[in-house]
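Each structure below is given as structure tokens.
Okay, so chain A shows up in both of these, paired with chain B first and chain C after.
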Partner chain A sequence: MTEQKIRVLVGKPGLDGHDRGAKVVAAALRDAGMEVVYTGLHQTPEGIVETALQEDVDVIALSILSGAHMTLLPRVLELMQEAEMNDVLLTGGGIISKDDMQALAEMGVGQLFGPGTATGEIVEYIENWVNDRGAKVGTTS
Partner chain B sequence: MTPTVRKDRRDDGRPIVQEASTREERMAARVAAWRDRWDRQSKRDIDFTSTSSMEVAPIYTPVDLADNDPVDDIGVPGEYPYTRGVYDSMYRTRLWTMRQFAGFATAEETNERYHFLLDHGQTGLSVAFDLPTLMGYDSDHPMSEGEVGVCGVAIDSLADMETLFRGIPLDQVSTSMTINGPAIIFLALYVAVAEEQGVSPDKLRGTLQTDILKEYIAQKEWLFPPEPHLKIIVDMMAWCADNAPKWHPISISGYHIREAGSTAVQELAFTLADGFTYVEEGIRAGLDVDRFAPRLSFFWNAHNDFFEEVAKYRAARRIWARHMKERYGAKEPRSLLMRFHTQTAGCSLTEQQPENNIVRTAIQALAGVMGGTQSLHTNSMDETYALPTEKAVKIALRTQQVIAYESGVANVIDPLGGSYYVEALTDRMEAEAEAYFRQIEGLGGVVAGIEEGFFQRELASAASRYQEEIDARRRVIVGVNEFIEQDERLEIPILRIDPRYEREQCDRVRELRAKRDDAKYQTAMVRLRQAIQEEQNLMQPVLDAVRSYATVGEIVELMRDEYGTWREPSIF
Partner chain C sequence: MAGLLERFVRGDRRALARALTWIEDQQPGFEQLLHATHAGLGRAFRVGVTGPPGAGKSTLTEKFVLLCRRRDQKVAVLAVDPSSPFTGGALLGDRIRMQDLTLDDGVFIRSMASRGRLGGLATTSLEAADLLEAFGFDVVVHETVGVGQTERDIVSAADTTVVVLVPESGDAVQTMKAGLMEIADVFVVNKADRPGAENLERALTATLGLKPRADREWNPPIVRTVAVEGEGIEELAAAIDAHRTHCHKSGVLIAKQRARSAERVRDLVARRVDAHVWQESGGEKMLERALDRIRDGDATPYSVADEIVAAIGFDSGLVLPGKEQREGA
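This part shows the complex of A and B:
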């Protein structure tokens, strides 16, 4: 178990202004004891990855309800790889079909959450991911 | 409340309850006696609250309406304060307009969908634009990448607009366009297309959303700071009053406020407060209130809680009429009418067991109709996944037709009027909205409230509370936190937007820029900039700009250059 607070960037990439979900999740992560950086609206993938680097986050959680996820999420992933952020999780949620979730998972995006997800499920997923990462780092170094 | 009963004893010593004499006293005594019995019953262990987390009583009776005047507060339809409806005869004269919001890919594809809907009995059009269009970016702008034609139709110029309405006579349909930041450009585009069809602006019927205040509060699709946006809205109201008297230049919208997480009362109060702000802006600009107020219209959400929704529409009509008359001095009866469009609640739809959404939508649509809506959009069951398929849209439209023709609810005006519950809830929502109006006024008005983050905070906390109730299973959502099906498989088809539309649309706009009459375009743009700097009414110069095939992105860019941009305080 890590004693340090988990740092999460919650972001809204693209032109989509539907921020209810992002804010509800941001508040739930904060209430679960995480450090949350909320980017606000209309962020570019470049801006998001740059902020994630500056803020040294463990997790990037993006909310996309506009249907542009097949463009925006791979782009963020690509920029993360370029910046060698191999120990950072890219997750998120929105109006994303199961087929698209599958395709994005194959590219290396973490779990994506649709409408109706309990916030506790997201908290648990992030905590487990960070703990597993800690375990991996522990065994290899 | 203490019951007014006189306790006494019979000759044989058995106690008797002798009922008081007046009808009110007898009713109060009955209610009090019922309350005693009710207290002794066991109750299910859940929250008995409305969808808006509002405590509701187990029963409503005449006792709850002690302060309600059935003549002045309820009255009859078509008469002040219009609680029971804005028209004398309502659905017996004309059913509500069945208006399904549609738009995807390019103007070509969307035009086909419009013909499909009109052929299936839809009676009005409603245009859904893609995000780049809503945000004033052309399809080939870097910010538009991946978003072109995805959540609505991509419109870059008059050429696309011509395609969108091909074969649809604009003097015979009414069209609603859901666009806010660039609304003035779309009014101009519509007028220009009509002109090409030989239809003059005075024959155009329809609505532009234009409501920028709720963008800052909820949907977040603004282009400039609030002040220039408000100025442009006044320009549109003035131009329509003179040239397009059947057009609604603004649809003051609670829909998005509710979708963003507000309660029903917040939706009611914040939306009406926005409406008052537009009225005040119009008056401040020197317009006679009776010149523009008759063309103001509203747009409400219909969520799951049936009675709460019906009460909301009734309260909205009464509040609007009272404020327009008493506060703004409107004299024309038509200035007092809160006419509205309703859309069922997208945020209520579940990804789990999506077919259940058909049922939710039917209940919500019924509330809209029982609340006296003038037009209605019913959501499709698959909208938590993607834009709806043709089949899903058809079921949604059929839902309205079943309500209209089979259920019998359209036979009687305001059929819930006089329900103790609905009347008590209508009174209560009016009172709670008034409390919000005072609070907003205390902050310095709606714009000050936006700048200070008041609305954003109110919404974020209501949305979080709702989610917490669901997470804790104090609020049951069928298929989500109860009646869950493990390993559920999706059995409905999902619409996909082919990425080739984006490429085609980018090519089209680039080609248009290369081929248009450049001198005409340049002249129109210079004139537009000058009009902005001189604070003239922008409608004519924008009309000239769109006629010269200036693109939406080019016009917005010029405006952004003059008016600046805006960033909201980040609150969660």
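This part shows the complex of A and C:
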């Protein structure tokens, strides 16, 4: 009947207070027709994963500028696996080195975006990922 | 659907979340899901929280839910924010003000985009509330989009409607306008530590006093709160409880539930007829072809409507001659 909307959680885990980037991305995803659940600052990995579960999002997009990405992202991933959220993408952005991006990708984190990324690139990445995944399990009879 | 339903019945929160998506997207089979979970509805209490943008609806909702939790009630929140009419996208930000509820497994919050509905709720808010009730929540809170003066979906969705205002909400004349002021079962003057709270309360009281009331009719109380500080929340809960008791005693609750059922059936029939007319009977195609004729002056929207409903055997004969006349001619 009606189309399936792409739902994305945009949030900032940890302690850094720079949310401008997250807001820019949230607005860009909104303008691309997605439903963006914006959680704001200072989220815990536990809170992020529980929110993602309740909101049944397709994508968790996290902004980390504090340098704590090697702690926070693996923890979020671990909690997602515990909750069997295997049809949800974990992506994000911030100040993250190429080496770290590589290491995180090997763990199962999606593409990460650094400073200067065009928002269109992020939109396209998410749209493609959702298209490749197909419909959510249990939402087609 | 069977697998999802089974997990839902077992109390799997992820199955609940997915079922809500199913309903929001109105995917095929969502009506069967609601049908299967409908038994046993009618126990949960439904509270509506509405008011202008920035009045503090989300913050107040958080504090109210925390209080419900202290009373050992399980609470679900449906928080609606507007969808863009241009892109269909939405920014759902109500959870920012409800962070203390995230990790409590007696609470479930779902942000909904309005998806084109204009009355303050989302297109499928009522269905979602049913599903949450069927899951076992004792209280369902509908938080509307920040509303102006005419959005009143909440009246049929909620047993008790709380209208949240702030001292800046306006002068005495604003409180006399039709719409928002008429739907409140409980008024909240939030941010009551700001200047003007007393004036607003006085204006509200005066306005309410102007309205002639039958005996035993509910008189909406005015509660002052400072939601961020948690002040006045006990009083708000007491006012909601009092209204609930009143609704029970006066039979209003039963009447509301009946009206809600009636509205649901009407909606469903309209939806089925819509699908039948526009898709199954080719109404869309007829419309597409008719648009040129309307432009050229060979038809009017009224005559085309007659043609389209005639295709499903419904002879309205409002503009075009009816079938009998045509055959007689």
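Basically, the second predicted complex is superposed on the first by the 132 of 141 C-alpha atoms of A that agree within 3 Å, B and C clash if a C-alpha of one lies under 4 Å from a C-alpha of the other, contacts with A are read in each partner's own complex, and residues count from 1 in each chain.
As a convention for this text, a residue touches a chain if its C-beta (ideal position, glycine included) is under 8 Å from a C-beta of that chain, and two chains touch if they have at least 3 such contacts.
The model shown is predicted, which means the values in this text are computed figures rather than measured ones.
Once chain A of one complex is fitted onto chain A of the other, the partner contacts of A:L53 are limited to chain C, with no touch recorded for chain B.
Contacts of A:A68 after superposition: chain B is touched, whereas chain C is not reached. By the touch criterion stated above, A:I95 is placed in contact with chain B alone, chain C being left untouched. When the shared chain is aligned, chain B and chain C each come close enough to touch A:A26. In the superposition on chain A, A:D16 makes contact with chain B only, while chain C stays out of contact range.
Contact with chain C, but none with chain B, is seen for A:M34 once the two complexes are overlaid on the shared chain. Of the two partner chains, chain C is the only one that A:A83 touches; chain B does not reach it.
In the superposition on chain A, chain A positions 26-27, 30, 36, 38-40 are in contact with chain B in one complex as well as with chain C in the other. Residue ranges of chain A in contact with chain C, taken from their complex: 1-5, 7, 26-27, 29-40, 46-47, 50-51, 53-56, 83-85, 136-141.
Contact residues on chain C toward chain A in their complex (touch as defined above): 1, 3-4, 13-15, 17-22, 24-29, 32, 83-84, 87-93, 95-96, 99, 102-103, 108-111, 113, 115, 275. Against chain B, in their complex, chain A makes its touches with residues 10, 14-20, 22-24, 26-28, 30, 36, 38-42, 44, 66-68, 70-72, 95, 97-99, 114-116, 118-120.
By the touch rule above, chain B contacts chain A in their complex via residues 131-132, 134-135, 137, 143-147, 150-151, 215, 219-221, 259-261, 347, 349-352, 383-387, 459-460, 463-464, 467, 470-471, 477, 479-481, 490, 494, 497, 567-568, 570-572.
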